[in-house]
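One structure is given here, and the rest of the page talks about it.
A, B, C and D label the chains in the order they appear, each numbered from 1.
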């Protein structure tokens, strides 16, 4: 029995991991700037899913061409960014100014999460679809251009999603290093007082970080809409745990590590769990008589397990690990 | 006018259960500063004891005491439920989502209510299981609480609660019935009365307990740990031990509340124990009432639930006015309003409505006067 | 009075409820170095922060070039021509040297920043080789000089240093001190210099303020204070 | 000399920096010992290591004959080591009298079950509160007993911090980090008078970090001076203050 999962499954897993990576990256960014762990982050991503669904229903229903993959993420990202900025400027910042503690702000993000989740659900239930009769739970996996390689038919979102993640990561990196506002953002993250003394509008930097974070989430959400059986904002409740796991594994101190952490956790959940399941079946069930149960359902244990391991052994996440020293200790490098 | 019946027995149980959960969360979050964002798990433990574990214990006792009847039950249920050949014992069948309903309602309940000794004993055992589960999971949660900063701890507890409920209990049918849930073992011929009386006693105990502890040296120590861990440890307190004790005590209260809640519904499904209604709502209640204020927690619980109930009651007219489906008014709008309400409270009173008061371990004023007299 | 860059009158300040400095009167003339010395906990750093608007002023007045700036926020004082260099965290360690210089001229027009960056690099040639390295790779002394270079991009008229030599090896410390003198001698800047190493500072400075327990215990020429044979006792507050 | 607290070769590193570089001190029983030195000389680090807030990298800490180097802070407290903080670390949600009463350890009612039984802890609690009231009147803030720390002035906060360290039963050594920082000179004198009274009345031992040497020197019995993580002088406070090495460490080369 094969230990490695199948080709399509692997593609799906990579796409899922890329989406989690984008979400973890945004979560890490706003944590680094404003120190708020945002529990509404995954639901903000769902705004992207909802936008994608409406685009398919109203515009691309008959001809889901490649422009869908441009319009969906872009509009979904912008909508999510708009909400994210609204959330920061109109809700979190005033609450912080009123003297709420970090726990108070976390509760506030939970409150926003509930409000947003229920509003999105309400919209999908109440706004009639033009072509798709019932929007809530609508399976839209078919509405995408197909890629055929020989006998393989590939869901094109699985190619677009990792690509989008790569493009956005590079674009964000260029923004952070090549534009003076990006440099100011890094400076503000490191030392807001000094940055402000240099004339940086710190509160604008914070606002922009929420916009970027929301945009990344919206893009991930728009493309991820294809991955689930039907569009239902409630899946954000499942995803947010993985996103936090990714951010914590990354260390909540670097957007790049956030992206990578999310990617690792996403892959571990999908491919890791499948491999463990296959090994279990091939070895423990077949030869040692263990009960024949599926371990695939336990994918969330994987993310929690990683979080626990990281918090116990590398409390500052992968970003905090001294890789050079680790390499020399393992004999990979002379040092 | 509101019809009195909307405050039915089952609503009252819900109210009392929430009072207990809010008081329990207040002990952790309000007094000790432990940001338990995974409260739903601890409430669910009581439900799990009543259904997943309860039916197994009851079926086992049934098989031991009335082997012929139990064998008959297994045969009967195998005829009624397709694909039943896989069960080798009634214990297995009783925890199956399809057979569970028949076995619990047609066999186990009549058996339990016919024998007072069995009934009392079973109730005691299931309550003991509830307490044991709560303490076990409390121990695990407090292990994390020893090492993590409060925001990381909150994230971890939320993930922990979410994952435990979602994975261990919800995705795995054999434990607690998965999506369909399981019927619970209930007691007396009027289970709702049992639940009402039980949850009322529990709520009273929880209040008296929380008040006594708050006004004892322990309450003062909990608040000190919350305000400054380092200073508290420099003054001789083992922070880890204090948190452990508090989480244990609070978890037992929450799990017992979950038990009586399940008793009033006669069944439970893991997915309904989500973080919105069993973590966020209790947080909303204690924030409304003022953290570290037991009376406030009760006021918060009562205010929220009555508001929510009225909303459900008026869902038809509200739905017509807003042009949305009535059932969405009942299920979605209250959540939205609770969210908005919380934001408003956080904005208006970051410290809650009722402020924290000085503890009354002893009569400070009298001692002050006595000391002043002595000095003169 | 002409030639006075900065003056305080009966200044009382602190942090929140903690009143740290009491009734401070001092003045610094244009183009001179005023050193502020005193044992730790005497309020030197708090005084400097107060001059830059980073503490709570209970009463009194601060004037810069004849204008009352007591109520101005820090960034407004920076705009008027005051640079404040805290002891630590005065550069962005995670940014490259080039980016640090860019940040220093954040609100200025790009051409101006470019031109001044070129000037500053001529003055601090060692920075040229490090332009694309992260600032955290610089040595302690180099970091202080980078902070100084960053301040100069804004062309301030008054520079205020908070213990710039703290934690530096003697050679690096000397380099930093030489640069402070050079600021006065070559660039004609006015300098306020808080220093732990009192003897060193008094040797180099023009005028001096000795702070003890939050009050001014001496104000006058630096050389007079240095020559005081009871300097040690006076410094520790044992002799009024 | 009757030594109650001793450190032997104490080392504490922060990265490259050796904040404590082999510190040996011997604190005499029943005396007020000053710990002085310029900024960054390692005084507060020493207090933090001795009280257990930081772990030592090397060396030993001996309290009344017992090696306490490896003990967590709360165990050191139980053995009689009490400390105050430079910036008062008061419990913001507790009233002044509660802040003070908390500082006495050993209440039998400090448990999630024992707390329920008033009879168990009431006598202890009454005694604790009486003592707290006495300490508050000693430090002249009794009239503020029901206020929160947030309502106090800086000086009052320092006084509360001092009242607190005097609460424990039979403290062996009281470590104080700048008890007079941020208070006016008159009050600073009063604080030191009060400390001296406590020493005389209860035969307490104090180790005090202080910068207001002009005030402190009149009250202290012994002094240690530190620079660059090492002890550079010890002895009679006035002698230590006039020691050339000490003056040099303050004035610089």
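In this section, a residue touches a chain if its C-beta (ideal position, glycine included) is under 8 Å from a C-beta of that chain, and two chains touch if they have at least 3 such contacts.
All values derive from a computational prediction rather than experimental measurement.
Chains that touch both chain B and chain D are absent from this assembly.
In this structure, the chain pairs A-C and C-D differ in their number of contacting C-beta pairs, and the larger number is found at C-D.
When each chain is reduced to the average of its Cα atoms, B sits farthest from chain C. Centre-to-centre separation between chain A and chain D, using Cα means, comes to 50 Å. Between chain C and chain D, the centres computed from C-alpha atoms are 34 Å apart.
Computed from the mean C-alpha positions, the centre of chain B lies at a distance of 60 Å from the centre of chain C. Under the stated contact rule, the graph of chain-to-chain touches is a ring, a single cycle where every chain has exactly two partners. Chains that are in contact with each other form these pairs: A-B, A-C, B-D, C-D.
Residues 180, 183-184, 186-187, 190-191, 193-200 of chain A touch chain C in their complex. For chain B in complex with chain D, the touching residues are 209, 212-213, 216-221, 223-224, 226-228, 230-239, 245-246, 248-249, 292, 356, 358-359, 361-362, 364, 367-368, 370-372, 375. On chain A, the positions that touch chain B within their shared complex are 35, 37, 39, 91, 94-95, 98-104, 106-108, 110-115, 117-119, 121-122, 125-126, 237-238, 241, 244-245, 248, 297-298, 300-301, 303-304, 307-308, 311-312, 315.
Chain contact summary for the complex, chain C toward chain D: residues 14, 16-20, 39-42, 163, 166-167, 170, 195-201, 212-213, 231-233, 235-238. Residues 51-53, 72-74, 77-78, 82-83, 85, 89-95, 97-98, 101-103, 105-107, 109-112, 114-116, 118, 121-122, 125-126, 129-130, 133-134, 137, 142, 145-146, 164, 168 of chain D are the ones touching chain B in the complex.
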